[in-house]
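Across the two complexes that follow, chain A remains constant while its partner is chain B and subsequently chain C.
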Partner chain A sequence: MIIINKTDLAEVMTRAQETYLLSGPVETFHGHTFRHLEPGQAPDLSCHHTLLSPKAVVFPPSDPLLTFSGDDWAGPDLADLPPQAAVGIRPYDAKALHLLKYNFDTPEYKDPYFLSRFENLTLVGLAENHPDPANFSVSCGTGPFDETCLDMLLVDLGDALAGKILTDKGEAFARAAGLDPIPAEKKAAVASTIAELKTRAENAVTRTGSFGSLDGISTLDLYEQIDWEALAFGCINCNTCTFVCPTCWCFDIQDEARGQKGVRLKLWDSCMSALYSAHASGHNPRRQGWQRFRNRFMHKLKYFGDKYGAGPMCVGCGRCIRTCPAGIDIRTIHQALSRLEAVT
Partner chain B sequence: MKEMENRIRQMAKDLLAREKVDQVVGFCQGSLAAVTRPFLARHPEEADQLVFNCNCRMNLATFVPDLKGRTGIVAKGCDSRNLVIQMTENRVKRENLYIIGVPCAGMADKNKLLATAGGRDLIRVIDRGEQIEVETTQGTTHTLSRQDLLQDNCVTCIRHNPVIYDALAGPEVPEPDLQDRFADVAAVQKMDPGEKQAYFQHLLKDCIRCYACRDACPLCYCPTCFVDESSPQWVGKSLNPVDVTTYHLVRAFHDAGRCTDCGACEAACPMNIRVRSFTRKTIMDCVNHFGEEAGMNPGQRPVLDRFQINDPNDFFR
Partner chain C sequence: MNNPYDPYPVRIREIKTETADRSLKTFTFEFIRKADEAAFSYRSGQFAMLSVPRVGEIPIGIASSPSEKGIVKFTVFKTGKVTTVLHHMKQGDVMGLRGPMGNGFPLEQMTGKNVLIIGGGFAFTTLRSTIITLMQPGLRDQYGTIDVVYGARNPGMLLYRDELDQWNGQPGINMHITVDGTDDPDWPHHIGFVPAVTGECAPESTGNAVAIVCGPPVMIKFTRPVLADLGYGDEAILMSLENRMKCGIGMCGRCNIGQELVCKDGPVFTLADLNKTPGEF
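Our next item is the complex of A and B:
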């Protein structure tokens, strides 16, 4: 276990930047977002939640795949990426990155752009002492202190941050940042404080029962017997929920060219937009907004779980609930779907 | 505020029970304290879920054209102006609407409300008219002045009372005599070109192109928005600043002469971008050059959508 005095945080991070490309929470308009840090910039670990999730660290909103000129093309040198560290990532957001991997790393397809970043990434998590009402991460099989997907877990003790080193990657980060081991005599007291904070935080998280357990209900029943049009009323089909979501991974490929020269981009895309499912023929299987709404929630709560057996494609971070212009809550939708079980 | 809410429920219940309308569009409480949801009541008993308070930020005129049959709609001043525009642009027929007019004291800016919780959330928001009471997750309670919490567009609102309605849910509120209504636009206009460029680049630095501003807007109903055209593709899809700015500028121009400054775009933005910085300029120009405000009179066509034989400009004749 290590300890960082908050007054030393900036110095520690500058030292870590000699080895790592860092990302973390930074202040923006009325809040924080998660992004790469400038040299000398420290992550703001006082932040409660970031508007955008950390997924951009492994899945940037606009990612050049290759440049081309006539028949020649060249991709970026993925083997030579600097090691990255996400500092202050929430434990459940770290789980979200692992959920993204189910899609980008399959036996048939391995996305080198995602994987080279993912494998190069050290996850220095920050436990959440005070979860908000929108947070339901415990119901999603993770939580504000979940260690399972992290390399190191930092816990805010007030004047200092205690850190539990969880993997070799975490050990390497501690070495590079010059983090001091906790004095032996304080170890027991800090460990018990952490346990106390953990219990308090987990109890503060909103429970929604077992979220995402729709295994017993058939896909077609959910698809057809739910009044999706009524559920979707108010949804304006903007891309907000999918873009702020840490587990939404849909992307579009676009060529931006001038004459024979150009760049091929991988861009965030959203199943909420009509263009997403528009066919070249002009046909669109999800022409209506409520059909796109249905697809999003079916994918999150049913298709993903059925395909990979890893639970729902949701970690309960609450971002979509906080930012939805129409006040739509995924927990309410899940409740409506799970009620179907009682009927059939 | 509670009184007005009760009257809205009673009116909606009555309309549904007597089958005067097929549905009533209003707001219901969302799962978070500072958020409401657009809500569709189809049966009299559902009318009890309707609420009206400082968190009803969306413009319900957005939803009306997609509904079949006769619709009752809860309309603030700005919503009613957008209903006028929907009617003028042949999106809805007046006879298919029953407008429950709500004299509006202005909406609370979500970020100003949340600021009382210091980056965390609220568990209760009670709208008491002049005052708004909030309770934070930390357990602290605050009584705040509505005036201090208002959304920017509500501070410069020219029409708090509905311009058209079938019945009012409360007594009319006085329309203020606004001084220096376009100070925000004037401040940008004063900048030199370099400063202006820096101002707009900073403004849009966090835009993720989710298009919530467009999708929340009752004016944005093109079957295919220009940013979604794929052949030809007018604008790039990345976060390149030129493409991002193109989207915002073209949207503002498209809404020029039609925008009622309802603020739904700004309230919808997940990144808290002040997107009204663009539309405000078009509103000021319409006032200064044509002496007109959008949606104030039924039958009045938008200023940029009108031809007059005595137009002073040569290129028109």
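Our next item is the complex of A and C:
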């Protein structure tokens, strides 16, 4: 276990930047967001939650796949990426990156853009001492103090951060940042404080009972028997939920060109948009907004779990609940689906 | 790590206008690097991404058969940004090819059975590949009868006219060509929609036949009950789907039908498999 005095944080991060490309929460005009840190810039660990999730660290909103010069093209060199560290990532957001990996790392195909960043990434998490009411991460099998997907867990003790090293990657980060081991005589007291904070935070998290994969009910029953039009009544298909979501991975591929130069970009896309599934002929299997709404929630709550056996495609971060202009709450949708499970 | 987004460079060896309205052209490509040809080892029913530098990519079914060595053929309907640029490209131009993708037709599992191939409009491309593969001297004997029902709006919209004529007189294959209508009084083939011609001409199945159906949704819709009347069970009906795709490798998400991804788990599904899905295609 290590300890960082908050007054030393900037210095520690500067040392870490000699080895790592750092990313972390940063305050912007729109609120906090998770992004790469400039040299000498420290992450803002007082941030409650970032508006956008940290998924951009491994899956940027705009990612050049190829660059064109006339009729020639080349991909970027992904072999020599510098090691990266995400500092201050919430434990459930770290789990979300592992859920994204199910999509980008398959037996048949590997996405080198995602995987080269993911494998190069050290996750230095920050426990969430005061989860807000939209957070239901514990129901999703993770939580504000979940260590399972992290390399190091930092806990805010007020004037200092205690750090629990969880993996070899975490150990390497601590060495590079010159982090001091906690004095032996303080160890027991700090461990007990962390345990107390953890219990308090987990109890504060909203419980929704089981937020499982709805194994007991068939896909077609959920698809056909739920009144999806009623559930989607307020939805304006604005795409916000998909862009703030840490586990949404849909993307588009578009070429941008100026004269003989050009670039092929992998861009975040949204299944809530009509163009997403529209054929060139004009035919669209999900023409209505509520049909796209249904596809999104079926994917999160049923298809993903059935396909990978890894629970729902949701970590309970609460971003979609906080940002939805129509007040749609994924917990309510899950409840509606669970009720059908109960009566069949 | 192999980069599945990086296309193989190919050169356009030949461009042939297929239809009277010039909306469909067949592009024959050759690989610029010899090793890529071996890496692009495909089967009938698979597709690939045609990649036009600085313009974009489109998923198109492979029209050539694996037995046609040294080349890959695609028949492309001019409809959007990429296909329009492609239609203006010339012999000798260089572009990219990414694939092969998808599962293709399970021809090995169909040995010993009669085969009924039903195609409509420009969905006939992967069926051309299938017919050529099945008609290979070493392979033809492994299957029972082969019947092909192929329809287009009018004679000018039929693809691969030379080959249709050649197959028409060939033993081992029964061709049933039809058009929705024609003003040609000497038209030697059927006049009528594909479902009706299928009902008239296709052989019945007593559990020993497989039907492959590719065509527009309306054709598929009306052909399904005809096939049921002819005795084809849902597990004996194969369909090739074409949802919108971007990556072709099961990652971008948009081609899903329930948890199935048309690009990776398909594009070929049995009707029995599709009945278990939400049917969003």
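FYI, the second predicted complex is superposed on the first by the 340 of 344 C-alpha atoms of A that agree within 3 Å, B and C clash if a C-alpha of one lies under 4 Å from a C-alpha of the other, contacts with A are read in each partner's own complex, and residues count from 1 in each chain.
Following the convention adopted for this analysis, contacts are C-beta pairs under 8 Å (C-beta built on N, C-alpha and C of every residue); 3 or more make two chains touch, one makes a residue touch a chain.
Everything numeric in this text was worked out from a predicted model, so none of it was measured.
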Joint occupancy of chain A by chain B and chain C, clash or fit: fit
Chain B versus chain C as contact partner of A:Thr323, first or second or both or neither: first
Partner chain in contact with A:Leu51 - chain B first, chain C second, else both or neither: first
Which superposed partner A:Asp252 touches (first chain B, second chain C, both, neither): both
Which of chain B and chain C A:Met13 touches, first, second, both or neither: neither
First (chain B), second (chain C), both or neither touched by A:Ile4: neither
Partner chain in contact with A:Ala86 - chain B first, chain C second, else both or neither: neither
Chain B versus chain C as contact partner of A:Leu197, first or second or both or neither: neither
Included angle at chain A between vectors to chain C and chain B, based on C-alpha centres and rounded to the nearest 10 degrees: 90
Touching partner for A:Phe104 - first (chain B), second (chain C), both, neither: second
Per-pair minimum CA distance [chain C against chain B, superposed on A] in Å: 6
Interface residues of chain A shared between complexes with chain B and chain C: 252, 254, 278
Chain A-touching residues of chain B, taken from the complex the two chains share: 30-33, 35-40, 58, 62-63, 111, 114-115, 119-121, 123, 137-138, 206, 208-212, 214-216, 224, 228, 230, 236-240, 264, 267-268, 270-274
Residue ranges of chain A in contact with chain B within the complex: 28-33, 46-49, 51-52, 61-62, 130, 132-134, 230, 233-234, 236-240, 243-244, 252, 254, 256, 265, 267-268, 270, 273-275, 278, 321-329, 331-332
Sites on chain A touched by chain C in the complex: 65-66, 68, 70-73, 75, 78, 103-104, 106, 108-113, 115-116, 219-220, 223, 249-255, 257, 260-262, 264, 266, 269, 271, 276-281, 283, 285-286, 291, 295, 298-299, 302-304, 306-307
Contact footprint of chain A on chain C as seen in their complex: 1-7, 53-57, 79-80, 83, 93-96, 217, 242-244, 246-247, 249-259, 264, 276-278, 280-281
